[in-house]
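Two complexes come next, and they have one chain in common, subunit A, joined by subunit B in the first and subunit C in the second.
After this line comes the complex of A and B, so read on.
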């Protein structure tokens, strides 16, 4: 129902009767906002097209002469639209959002990152600590050797990051295939949860490795 | 957000920083981390006759993570292995007055305690298989 004239809203975003802008439904998710299926390979052209279309519909500039309620709605809708667009445009943020969205159905979607990764990170942290403690003048040989080691480590981590992104790409495809296949819902749910969980695992390890690579870069210059 | 005085004290004067030899039979090591914030925590216990005689930690992370693990090592010392199992993250939260956004640091410390105890237990059990084998074959 239209918040203004109380008639049934027949238009999608504007009331068919009084043409007032309507607040977006609270239940609307980012994918639905752009009329996209919950797939990870999205139609980027459609994303752009609908983004521009809705931006024109909701932009606060078009409402500066309207009353306060309409201004507030246009502002709220635009803010939602902008974050939805930003998140869906970025492949990593897109999958993170999808996992959050689907996690309602999945308890305990978080899996434990492997302990050997922590050990590796801890060793690198210790080496960095040593490196920061070395004086460029007095311990120049040791420092140069350690720097080289840390730089090699960083390259190795960056290589791993690439591998992880490849693995993630394969999971994207797996997810999309499950979504399109339209199999028996309960059976598909288990499979989907499995895919979500492995995506989450790769993502958290990737975050760790990215942070570490950045820190190594900052430390060794 | 302001840290509580206790957090600042542990942060400025961390207790029991360091490490034991991971390979030693009387040492239990727990290494845990939180990918979201990049924290990583290593906590080790030294056990004699089922009592924790010493504990050490090394944490790379925020002040609350350092304080949580520092406090954990203090509490662990002198406790029996069974008593140590009972340390809860909520005890750490209470003692350090951690704000809600830092509760995960105390969870990390509890995880580290559990991991260290588990590692020690595994080593202790590993020393006994001869007895079990003997029992199984008899």
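After this line comes the complex of A and C, so read on.
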């Protein structure tokens, strides 16, 4: 029902009667906002096209001459649209969002890194501590050697990050295939949850590695 | 809808522009000049703005305010380093700088409002209609406080600010409109006080900002200061004059430095001349010497350019076009450095001084509903967050997020019956609270319940102006909650309202001052003319008449010293009445009939 003229809204975003913009439904998720199925492979060109189209519908620039209620709706809709585009455009944020949406079954993901990764991180942190303590003048040889080591470690971590993203890509495909074959959300639920869980695991390990690589970069310059 | 104008409120110069049948144009004054120096002078005879105020800089520096944009949305500590360059005293009240001029204090938005009013007056005179709505530009890297301060300035000037738009994006609108460009462009905007770099994607009328970066405290003013420091030192050595002790001389040297810098963009060598109390200081300066003085400053613009490229996930060679904006990009050194970084020759077809104002007019046209083709999607330049445990900032909205955008955060309590939570809002890219900009604080009211039970959701929304709005909602009751945000470096709503009232009062005072000045000028002219007439025609009138005329002139001479323009006008009328006969007698016989009703003051020049 239109908030303004109380008639049934027949248009998609605007009331068919009074042409006032309608607030997006609170239940709308980012995929639905772009009229996309919950798939991880996204055509970026198409995403951008829809984004530009919807921006032309909702952006506050086009509501400057309208009344305050319409201005507020335009602002809210635009803010939502911008968040949706930002998240869907980025493959990592996209999967993180999907996992949150489908959350129900994947809450039990452990948030600690696996033991081997944990040990590695501790070791690297010790090395970085030592590096920071070395004086560039007095301990220049030792410092240069350690820097080289840390840089090698960083490159190795970045290599691992790439591998993880490749593994993640394979999972994306697995998810999409399951989704397409089982359009009803309740179908193949266990299998789907399994994929979500393994994606979550890769993601959280990836986060540790990313943070570590960034910290290494900051430390060694 | 009435006309919306576009305003470039610059550090050194300001301009106002309008849309003329699809083409943006700047408003010129009667001499055809569009630039209004952003300088305000408080004289005994009232307020002066622009070129006349610039002339006042060296005569009355302590009452002439320039570069006020540098103080917008800031506290005293933010400008501590450069206080020595400014001839006026500053203090801080409620986190906002106040500029002391004589007995009065002005906040930076009030001074900016004086410039805006002058621009508004010019546009009204030129377009012959009332102007009440405007789009005002700000540096892209301006934070929330600086944007809010600019909006306040507009309100104080009696303008409804429909949009605060970023300078480089405004420039891209003017540029894109003219060239119908598609692709990725970089706008390098180096102005009088600020530097911005914005990277945009232009496609089918959508101007999407991918990333922006900058330095709100780097511009031509800093170049001037580098040269100024050298000149001041040399003057002390050679002439034993301490320029810092003479505010008027300081301004002369500063203007000389600025002039030399400008000339060196076209010439390889120039001479700086400064008149000193004990002689004349002269220095020959080469372009090379100037360039080595400012090299470090120009190079400082390159790091933000690289950061913006990185945030846009682009390499320099993926930029299709580079556009130069801002007066400081006239410097060949700047052009070379930009060319070096991007590996291509930058464009500057549009006047770099005017392009921002022109773009603001384009945006005004869009907001007015006259242009549905173009849509600008801009970003917030800085990350927004709140203070978390341990003095670290927890980011809610990342920099370079397309606006409008919002971030939500849920708050609860840690103690049974706790009734409030203090929230500190920050902007910046650093980890620790103390290294970021404090925007505002507020106290979130919470119903007294066992610890952890209350759930209040706070929504931080950045609107299309890049300005933050905070709302809160109790999740349990689903009721909206009022939030009173106290800005760290901004005027409160009450203060702004007070300033709007003051501004009307100033306007009345200004009108009064003008009326007194006009009446006084006329009175003086009449006194001089009557004296002349009496000397020439004393034998044509009786002694009694002569004494009477001398009496009314004497009275007018006294009243014109006062500041009641009505009394002065009455005095003028009295003199005109008493000299009517004298005027008649003085007229040549042949002219007598034609000029019967003329006054003596018009007859004898």
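The rule is simple: the second predicted complex is superposed on the first by the 208 of 221 C-alpha atoms of A that agree within 3 Å, B and C clash if a C-alpha of one lies under 4 Å from a C-alpha of the other, contacts with A are read in each partner's own complex, and residues count from 1 in each chain.
To be clear about the criterion, contacts are C-beta pairs under 8 Å (C-beta built on N, C-alpha and C of every residue); 3 or more make two chains touch, one makes a residue touch a chain.
Please read these numbers as outputs of a predicted model, since none were measured by experiment.
Engineer: In the overlay, answer first, second, both or neither for which of subunit B and subunit C A:119 touches.
Structural biologist: first
Engineer: Quick check for you: in the superposed arrangement, does A:62 touch first (subunit B), second (subunit C), both or neither?
Structural biologist: second
Engineer: Does subunit B (first) or subunit C (second) touch A:207, or do both, or does neither?
Structural biologist: Touch partner of A:207: subunit B, not subunit C.
Engineer: Looking at A:82, would you say it contacts subunit B, subunit C, both, or neither? Reply first, second, both or neither.
Structural biologist: Touch partner of A:82: subunit C, not subunit B.
Engineer: State which residues of subunit A lie in both footprints, the one left by subunit B and the one left by subunit C.
Structural biologist: none
Engineer: Report the residues of subunit A in contact with subunit B in the complex, numbered from low to high.
Structural biologist: Residues in contact with subunit B: 113, 115, 117-119, 121-122, 125-126, 204-205, 207-208, 211-212, 215.
Engineer: In their complex, what parts of subunit B are in touch with subunit A?
Structural biologist: Answer in residue numbers: 31-33, 35-36, 38, 40, 42, 58, 60, 115.
Engineer: Under the definition above, what is the set of subunit C residues touching subunit A in their complex?
Structural biologist: Residue positions touching the partner: 1, 162-163, 203-204, 206, 363, 366-369, 372, 375-377, 401-406, 461, 463-464.
Engineer: So in the complex, which bits of subunit A are touching subunit C?
Structural biologist: These residues of subunit A touch subunit C: 52, 55-56, 59-62, 64-65, 75, 78-79, 82-83, 85-86.
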